[in-house]
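I'd like to ask some things about the structure below.
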Amino acid sequence: MSMIESHLLSWVIFLPLIGVGLLLLLPRRNDRMARNIAFVILVLDFLLSLKLVIGFEPTAALQFVERKTWVATYGIDYHVAIDGISLWLVMLTTFLGPLIVLSTWSAVTERVREFMIFFLVLQTAMMGTFCAQDLVLFYIFWESVLLPMALMIGIWGGARRIYASVKFVLYTMVGSVLMLGAIFYLYHQTGGFSLAGVRAVNLSPLQQAWLFGAFTVAFAVKVPLFPVHTWLPDAHVEAPTAGSVVLAGVMLKMGTYGLIRFSIPLFPLAAAKYAPWLAVLAVIGIVYGALVAMVQRDVKKLVAYSSVSHLGFVVLGLFAMTSESVVGAMYVMLAHGLATGALFLLVGVIYERRHTRAIKDFGGLAHVMPLFTVAFMIATLASVGLPGMSGFIGEFLVLLGSFKSSSLPAARIFAAVGATGVILGAVYMLWMVQRVFFGRCDNPDNQGLRDLNLREICVLVPLMILMFVMGVFPKPWISTMQPSVDALLERHVERVEAHVAPDLRTVWLSREEEQR
Amino acid sequence: MQGLFFYLFGTVAVISALLTITRRDPVTSAFWLIFCFLNVAALFATLSAHLIAVLQILIYAGAIMVFFLFVTMFLGKEKRSAERPNPVVFGVGVLTVGAIAGGLMRLVRSGSHDFGEVGPEHGTIEAVSRLLLSNYLFAFELTGLLLTVAMVGAVLLARREAKGARATRTPAGAPSGPAGVEEVADA
Amino acid sequence: MPDLQSLGDNLQVGLEHYLTLSVMLFSIGTLGVIFRRNVLVMFMSVELMLTSVNISLVAFSRYLDDLNGHVLVLFVLAVAAAEAGVGLAILVEIFKKRDTVDVDEFRQLME
Amino acid sequence: MHESTEILRWIVALPLIGAALNGFLNRRLPEAVVSAIGIGSVAVSFGLALKAFFLLRALPAEGRILHDFVYQWIPVGDLQVDVGFTLDPLSGAMLLLVTGVGLLIHIYSSGYMHSDGGFGRYFAYLNLFVFSMLILITADNLLLLFVGWEGVGLCSYLLIGFWFHEIANSAAGKKAFIVNRIGDFGFLIGIFVIVRALMGHVDEGANILAFSTMAEHADLLAPVATLAGLLLFVGATGKSAQIPLFVWLPDAMAGPTPVSALIHAATMVTAGVYMMARMSFLYDLTPVALSVVAVVGALTALFAATIGLAQTDIKKVLAYSTVSQLGYMFLACGVGAYGVGIFHVLTHAFFKALLFLGAGSVIHGMHHEQDMRQMGGLRKYMPLTFMTMMAATLAIAGIFPFAGFFSKDEILYKAWLQSPALWLVGFLAAGLTAFYMARLMAMTFFGECRAPDETKRHLHESPWSMVGPLVVLGILSLVGGWMGWPEFLGGSNAIHHWFAPVFEHGAAHGVAATEVVHLVEGGAAEGGHSVALEWTLAFLSLGWAALGLFGGFFVYLKRPDLPGRAQQWVSGIPHRLIENKYFVDEIYDAVIVWPIHRLSETFLWRVVDAGIIDGLMVNGVGRFVGLVGQLLRLVQNGLLRWYAYSFATGVLVIVIYVARHYTG
């Protein structure tokens, strides 16, 4: 056990790969065994990650650090660690893992073994992305997420799955190729790939601008930020339920995590300079995502566009650069993972039974599936940000933080427009809920539908409980995030003020006075 | 004297080369080409490259061109009239080749270099062969191999041609691709 | 014929003359390859191009007083011979098939 | 300066426990057990509330605050928000109101909702509503108040759309939630403005949004007071159905009648008034916001009263009456008389809840017939309902001994002091109120019964579980006003003293306080002249109300043809106008809903998303690459001589490069 103890984080990251090994040894056609192995491994992984939480002290320092030189000649080393920011994203991954696998019991029927293998690889890749502290290691994990996800969409997807998966891969690839170029340039500048190294050398504002642009484009595609979001609805609609949940639940957070871990701290000057532009895109994303979601005919597309809207809040929060807004952004990431994850699971449940996602095919489901309706209602309310549930805390903090942010010009307008997302959210979700659940149940196919079975309930209940707990008692989450976020912001402000070109400084100071 | 010979043989070589590529009948062009090679051999002589001059006549004029004539005869007369390619394509082609020539000429004219004196045995068979069999021994052997392979190839092609006359069985399990491939395999 | 003698003396010929000749022959050969439709003539043009190269080689070896050029010419000769042999053999085969020597007919690669 | 106690958290938690029990076990419990849980939890909560109330009374006047800190909710940067409950005279009164009236309505519901499929679900939602309302009232900071604020919005959504098999009901629920959300948007921005103003100056660890902290640092809020006040008022108009966000309340009648009584008459809709009273220290700083509130309140009162005249559905009449009465409350707050506003909240809760429950028992008797034109002469069949509703009608009209007189008259008096124009608008609305209430009573209980005889045979008084609460509320409608017996009539105006400590700080600032220093304290000269003024105003409004009542009865009993002729005389336009609610809904649809839908449907989704971004940029790049591929393919055309030529061009390039490079 001591061996696991000392390398806990690596164990948590690479445990799923052991599962992959076991699955490979499996005789050909044994689906049940494949599912069980995957489930057990992921539950084990979750329990192991609980040790991370228990062992984590709420300070800004990097913890559970593991560093071994990997490619000595180029200074690439296997450097893995977590702090307040990445801890809960890792936990979100390990928490959703087993639930997602459990939800595929009756959903994925053919080639189960391969599906599980891809899913376990995906889990490792995502966790690796959140923990990597070395640019090359980060890039490897970042890219290795693409393959399993693309195959999951491509093989087990819906009608236009090939188009969707190719689009998904190409979209992300274009972005991350820019990042790769930037990484090489950084190596050229700093001689190494470690984050600390890059932070140490002060780059000229022009260099920072270009590098910031490259990194941010790669992350913006993943978020997805407004103009580059069109892959998300297709990917979601065509992906199998489990694929959608992991895509919305965790993979979108990789983009925003990238922003907070790489784009802002590594290039503070450029981040400060372009923050208003990205905040504008974020706010457009919020309103645009909500409006387009309102008119969707396909439930899954509606929820996909709602993700665009929710993550617009995250980006707004990140670039408002106040401690409330960044903590709020982190919180929205977690809450969105739960709420949208649950919504996709529920859509999966109804899709399994009715094999359609068009809203007009449903109606009056509340009569036939009361339990399902209650679960859907709870998930809707969490996603709409009802106070007392997880969504509200995040959105409130983001809007509050951006309202009083000094890094955004006219911060009040940003927050006000962003807050309209709160109304629009209620509009499209409740309108969809009304068309799907209420009214008469006259469609004959809907009359015979079974309500949730025990397995589906076991998948959803943990999510529901967490939605309430995170809404009513957010302290444990916030207190662990707070120190890391504050440290990051202080370093950011200090570096910007140290480097800042005179004009920005005067603008910065004048805005401080106006604040007083 | 050497200059005189150069201009004499040079111009004749160029004219015969031009005639080679312009004659309609391949046989006449072959003859003109042979004549061109003879002139070139003469030029080699003016450059005191005696071995090369002889070889030029022996191999090029003698062996290769004879082979050409043989094949030309073997294939029979092509009555096709060599109509002129359309002017645009012709123009572009000539332009490109002219440009190449112009470029090369810029290089060539970049300085005037006169031939210095050269030892008596320069270009003789002993000197060349001594050099050949010392530094380039390996290359020499390879050339031999190359020629053998070429010969075997030519023989093989010819033999199958002879075999073609009798009904040949197509090898079992050959991929039944589109008709075109089948047809080639038979030949 | 005294002027012939004097003509011969003052007609000094340098390296660049031979190279010019080589370029001219090379260009003619290239034109032959590009414009003649009969494969045989194309082969001949190729041979012509090779000879022009030989001329420049010999000219340079004469100028540099170094026999390497000659050795290279030998190899060129060998290659030319081999190429002519195999080329014509193939040509015969194709002729058996298409009984034409017009190069534009052989467009099977295109489909 | 405040007493910390554990009792408040139990008062709040009990209904939640009731809701949870009923919620999880609703299918498996018999109706009796469900109603026992539902009613029981509210009853115990009411008992505890009484105990807390008396505990509060025992405290000295200044220190009348009970505080109950539960835990720290959001500890982020400068923002420290806790979950804590306070009970001061204001929230004490509201607490009693919510739990008391809530209890009566729960009892009434057990009768009304008897043998309805979703009995358990109904009580779960009702308990959840009481829980949220209690949070709203007892919250010690603005954010927790906001949690309760949206919680009641959610419960009203659930309860309006309770009978969800009718798509119209759930649509009404959705409309209510969304309009509330629009109001809450303003509320949220208001909170941000306040936090931004206070941030940085409040000592670390203090709960910025706590009412006590905000009151202390009121001077800091001065610059943003108007903006914050107006924004919070936007939230209040959403929740308390004032112009322009009142459209959801009439549709909310789609829910069961006890729901309308509890939520859309007594408690939820008054949340806006309570919030303004709670934030009185802010509103006192901004006369601009106050005047806006007063004007909106007065206009809403008149506007809604006119619509009430022409409604034929009994619940719609009461709904518009509620909107109108809420207008009065906001008028009171607008003129700085928060205490009077809350007093009217209390009295209004009594008689309006009674009216709704009475209407409920009428509908129950008439087998879910809500159209007054099908009713008439029901006083013979439902005497008790008739008598209690008559008491409520007298109360709402403002006839002397009944509750309405004291609170409405006080409001009109305060309005007169602020500006006679406001008083006039209020005065006119009071007349219309009396008139449409008389119309309602005449059409329902008097004249011959127009119901189809099949329903006539089944007409009977409602069971005791329904009539009991009616009687209690009837008594309250009569007695309820006496706690505010004004001085000039020799009363002690107890309610005013009870609220004084909460609103006194307003006077201390002396900004907008128009509190009349009442006679007993020997106020300035202006006090003397006001007694005569009070007498005249009281008589005027009493007479006007009586006239309204008499007019109503006369028109709709003696001369039923008169309304028809009146319509022709006025060429029917005004009548059709008010009958269709000034077409407000249709205007909103045309101006807001339809354009947004059109914008996002055709433009945003089709053109921008599918068209420009996806079509042009993404797939466009794909097609472009394909095109280039096609072009390149032409190069491989199988012509040997073409290949030769391409060799030549290759050589040319090399030659050019070498020539240029080496000649120099």
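Chains: A, B, C and D, in written order; residue numbering restarts at 1 for each.
In the analysis below, a contact is a pair of C-beta atoms (placed from the backbone, for glycine too) under 8 Å apart; a residue touches a chain by one contact, two chains touch by 3 or more.
Just so we're clear, the structure is a prediction, and the values are computed from it rather than from any experiment.
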{"item": "Comparison of A-D and B-D (more C-beta pairs in contact)", "value": "A-D"}
{"item": "Most central chain, judged by mean C-alpha position against the global CA mean", "value": "A"}
{"item": "Mean-CA-position distance for chain D and chain C (Å)", "value": "101"}
{"item": "CA centroid of chain A to CA centroid of chain D, Å", "value": "37"}
{"item": "Separation of chain B from chain C, taking each centre as the mean of its C-alpha atoms, in whole Å", "value": "5"}
{"item": "For chain A, residues contacting two or more additional chains", "value": "none"}
{"item": "Chain D, residues touching no fewer than two other chains", "value": "645, 648"}
{"item": "Touching two or more other chains - residues of chain B", "value": "93, 97, 100, 104"}
{"item": "Of all residues in chain B, those that touch chain D in their complex", "value": "93, 96-97, 99-100, 103-104, 106-107, 110"}
{"item": "Complex contacts: residues of chain D adjacent to chain B", "value": "645, 648-649, 651-652, 655-656, 658-659, 662-663"}
{"item": "Residue numbers on chain B that touch chain C, as the complex places them", "value": "1-4, 6-7, 10, 13-14, 17-18, 20-21, 26, 29-30, 33, 36-37, 40, 43-44, 47-49, 51-52, 55-56, 59-60, 63-64, 67-68, 71-72, 74-75, 78, 80, 82, 85, 90, 93-94, 97-98, 100-101, 104-105, 108-109, 111-116, 118-119, 122-123, 127-128, 131-132, 135-136, 139, 143, 146-147, 149-151, 153-154, 157-158, 161, 164, 180, 187"}
{"item": "Sites on chain C touched by chain B in the complex", "value": "4-5, 7-9, 11-21, 23-32, 34-38, 40-41, 43-45, 47-48, 51, 54-55, 58-59, 61-63, 65, 67-68, 70-71, 73-75, 77-86, 88-93, 95-97, 100-102, 108, 111"}
{"item": "Residues of chain D that touch chain C when the two form their complex", "value": "636-641, 644-645, 648"}
